[in-house]
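Shared chain: chain A. Partners: chain B in the first complex, chain C in the second.
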Partner chain A sequence: MRKLVNDPDRLVDDMIDGYVAAYGDLVSRGDHPRVVVRRRSKPRGRVGIAIGNGSGHEPIALGWIGAGMLDANAVGEVFAAPPPDLVLEAIRASDRGAGVLLLVSRHAGDVINAEMAVELARAEGLRVEPLLMYDDVSSAPKGREEDRRGAPGTTFVYKVVGARAEEGASLDELVALGSRVRDATRTLAAALAPGVSPLTGRPMFSLPEGEVFLGMGVHGEPGLRSVTSATADELVREMMPEILDDLPFERGDEVLVLVNGMGGTTLMELLVVHRSVAAVLEERGVVPYRPLVGSFVTTQEMAGFSISLCRLDDEIRRAWDAPVRAPFFHRPEEANP
Partner chain B sequence: MRKLVNDPDRLVDDMIDGYVAAYGDLVSRGDHPRVVVRRRSKPRGRVGIAIGNGSGHEPIALGWIGAGMLDANAVGEVFAAPPPDLVLEAIRASDRGAGVLLLVSRHAGDVINAEMAVELARAEGLRVEPLLMYDDVSSAPKGREEDRRGAPGTTFVYKVVGARAEEGASLDELVALGSRVRDATRTLAAALAPGVSPLTGRPMFSLPEGEVFLGMGVHGEPGLRSVTSATADELVREMMPEILDDLPFERGDEVLVLVNGMGGTTLMELLVVHRSVAAVLEERGVVPYRPLVGSFVTTQEMAGFSISLCRLDDEIRRAWDAPVRAPFFHRPEEANP
Partner chain C sequence: MTADEVRALADGLAQAYARERDVLAQLDAATGDGDHGAGMARGFDRARAATAEIDGDDVGAVLTAAGRGVMSGVGGASGALFASLFLALGAAAAGATTLETEHVVAGCADALSRIARLGRAEIGDKTMLDALAPALDALRAHADDALADALAAAALAAREGAVATVAMCARHGRARYAPEAGVGHVDPGAVSMAILFETWHDVARGGAA
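Showing the complex of A and B:
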């Protein structure tokens, strides 16, 4: 399989070129060519939301820049955390005088570079707070939640803190809210086939035919175990207790639901998976609220999906429903309910 | 590669189950279980917009049901046109007393079944007009446009007639407008690797390693020729004259642009492709207006993309900008421009 690239060394720059050319009414390059920002900045006096991440997982994170979500993204090389000075540029670019919340999906390189960027920003007199995000139940046992990896359930944090920052919440309030969303979120992934590296043109890992890896991370990190489930429904029924019993989610809880494709799994299949997720939730008496299905956090054309749940409260629900104007985040409400 | 299905015979029903379970605030099943409709109908006295299509191409068409776009979709089996009686159900479901526009992407089975459905509907006293859509420049030579296949450029028709129907345009006006959009639209596709049939689990066609088929249709139909272009930019530069010179699009024209992924091509690559499209348009003096990039009309995980252009006029531009509330169509405007 061939990849549609020009020079691999220019891949990230070419991608950003193509993005700001297509969506220039919404996003633009910042002062640094590897930082993408909102075309029209958030009003002064509001808290900025910044993130740095390796590229190759699109549409996250550059696709989620816009009113109601992110202010600036430091775009790293493919699958590589952006360096501290680049993350610092994203912090600067999102500062509107009321401090910056730096979202950090918990992977070793991202955490180290973010911590250094925060130090550099504070040395410049900027007010910035990092928020570590971790939701993958397969990456560390219960009781050691803070050792877990960031996974697609971080979507809930982006959306919720993005909405409340737009409305004027303070930095302290956003740190508390983002921590609450994170602590109420659990994710488990299933990988069926590897993606292809856009740098080498080769599969990113190998996986025996017919096996499914439960718990694989967004870069192919190992997880819980492999299974040979035959159907979508059997696979979901294998996964859901790992998620539900970890928080635990209990009868009567209302939850946000994300069924996320890893890139190479069709929407048809993701909808079939969602059917099984909804069935298990109903059996458990857990009540879904405006679920989201699609390929938002990808690893090139890796085949597979993840299931994420977040226990709701009123503030989280309102923030989930709030409008967002990002090129690649979309969960509309009925216009005239 | 494995597919996430349960029983292949239940695949389409399972998909619809999963869809209406996730997006039940926006869509629901109609009176027939294979027809998906808006949860809240369009007001009476507005023209309904209906379509029947084979499934396996999601998010089109069931993902585009919602205010400002489609009213009802007859969901066929995988890659198979829905039978006339099912298309009739979609026509009935979208009738609000002012007639129905039935959109038909030009493929043999879809056209025959749509014509029969129109006859059946008229025999019941319903007012319905079919609109044949064809935009693939590779499928018949210039001068025989009406023999061409429907391709992803039909997206422009869906969006534009959907917006104007919502605003109250008459059926005659919508037929004229839809025809104008179709006649101003041209598409060319490039296929890099086949998708896998969800029914058989096998690749849907074969393609020599390193070759790219120009002009492949959405079911793998043959097109212009195969090429061995080395980079995204070279491939786009091979394709653009076929599109631009066919209408032709001329210096000073404003155009809608769609770079559509076939399913297995990453957003990163599609953005790189868009960069090249934008460069060629600039060289030609053709002016893009709020382009759209993403995987909207897919063929399972087929790798490849298409480029579609539509020459704008003021009515088309306003309709492109109009709000839409469908689960899987999204092209936001800046909230406060």
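Showing the complex of A and C:
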């Protein structure tokens, strides 16, 4: 498949060039060309929020740099975690004198590089705490939650800790809050077609025609099972019990909802999926709060979607409502109910 | 090995991984995402440049510079782990002007436990450890020998270890999601580790890399 690439070795740099040129009022390059930071740093004395991730999944995470969310993003090669020294640059760039929370989506490369970056940062005298994020119910059985992969439900963690950091929460409070959001979040994905690597031009995995894989990871990591569900309703009805019964979410619970597209599924389809999700929640007596529908965590043109739920409490609700001004996550103050 | 010979090692590894780039990419594509070859070639090119930039005859400093180059250049999980090996060797040989077998034994032993901890992997999990662990055993068995002789044994042991990963089930990285957890395929990280010891042996005995 043909992709719009100038030079594969410069793909990530070209993307960042285009991003900071478009949104220079909100973001800029840090001291390192592969680190993107806010145009205006948050005030001193506030905890910084940093993350490193492989590229190819835009708009996450560089699209979420801005007031109310992230401070700095170390941008790795395509689908490869950024190296420790690059993550260290993002930690340094986020530090406003009150410590840094380093968000880590649980994938082998991300975890290893983040751990080494934390060691390097601490050796420099920086205060940093890593927060491992995992929410994919299909990647390890219940009871082994800490072995699960990070999936799009990590969105809830970004948003909530980002909001509370802006308000002046301490590093310890943010670690506890982020852990609580993670532990209250569950995600399941359905894959319909693979994405194509912009480096090789080849599909990243193959799927038998007509089959949908539940729980397949964004790089083709298998999950629960394949199904032949034909409609959005059938598929969502197959998926929702896996999510709801895992936490479990119970009658009367209020939940954040994210229906995330993987890049090759249209907003029209995602809205149809959300209709089915809302119907199942209503039957179960679970109450959605300000859901989010769109393609935020993508893998090129991979077709499919994920459903994430997070059980709310008052602090999480307030943080979800808080304003954000990032290029690809914009929640103005006045929009709050 | 002197500091200049360690620089020659970095150069030899950069050439070796550039040569093996496509082979490693194909091995990785069988169970992973196929970026291992490009990452190793990029990372060891960075290591070569880093060792050329650092002056002096402290072999530990040159090895540490190589580790930093690998760290910044490879990316993904394997970059940090291969960097750990050079950083551990650099720490073991800090201040020395000649790299001796005892430094290599100490550095590889430290690297083995560090890589196991960072990667949460054990021997037999179909990883680079399955080449590094037998290499370390061989180095220990030849601890009193000259470095080139110890590395000859280590290179053979690392290659045998890499080949043995064909029969193993992957429990880490993307390979664990491959059909039958990658049984029947060699682990590309273990192959890269074998290439490392083979190249090191070539350079240590004064041959062409």
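Everything below uses one rule, namely that the second predicted complex is superposed on the first by the 329 of 337 C-alpha atoms of A that agree within 3 Å, B and C clash if a C-alpha of one lies under 4 Å from a C-alpha of the other, contacts with A are read in each partner's own complex, and residues count from 1 in each chain.
Keep this in mind: contacts are C-beta pairs under 8 Å (C-beta built on N, C-alpha and C of every residue); 3 or more make two chains touch, one makes a residue touch a chain.
Note that the coordinates shown come from a computational prediction; the quantities given were computed from them, not determined experimentally.
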item	value
First (chain B), second (chain C), both or neither touched by A:26	first
First, second, both or neither for A:56, with chain B first and chain C second	first
First, second, both or neither for A:97, with chain B first and chain C second	neither
Which superposed partner A:66 touches (first chain B, second chain C, both, neither)	first
First, second, both or neither for A:241, with chain B first and chain C second	neither
Partner chain(s) touched by A:141 [first = chain B, second = chain C, both, neither]	neither
Residues of chain A touched, compared between chain B and chain C (which is higher)	B
Common interface positions of chain A, toward chain B and toward chain C	none
Contact set on chain A toward chain C in their complex	54, 76-86, 108-109, 112-113, 115-116, 197, 199-200, 204, 217, 219-222
Touching residues (chain side chain B, partner chain A) in the complex	1-7, 11, 14-19, 21-23, 25-26, 39-40, 55-56, 58-59, 63, 66-67, 192-193, 198, 210, 212, 231-233, 235, 257, 259, 263-276, 278, 288, 290-294, 298, 300-301, 303, 305, 323, 325-328, 330, 332-337
Contact footprint of chain A on chain C as seen in their complex	33-35, 38-39, 68, 71-77, 79-81, 83-84, 118-119, 172-174, 177
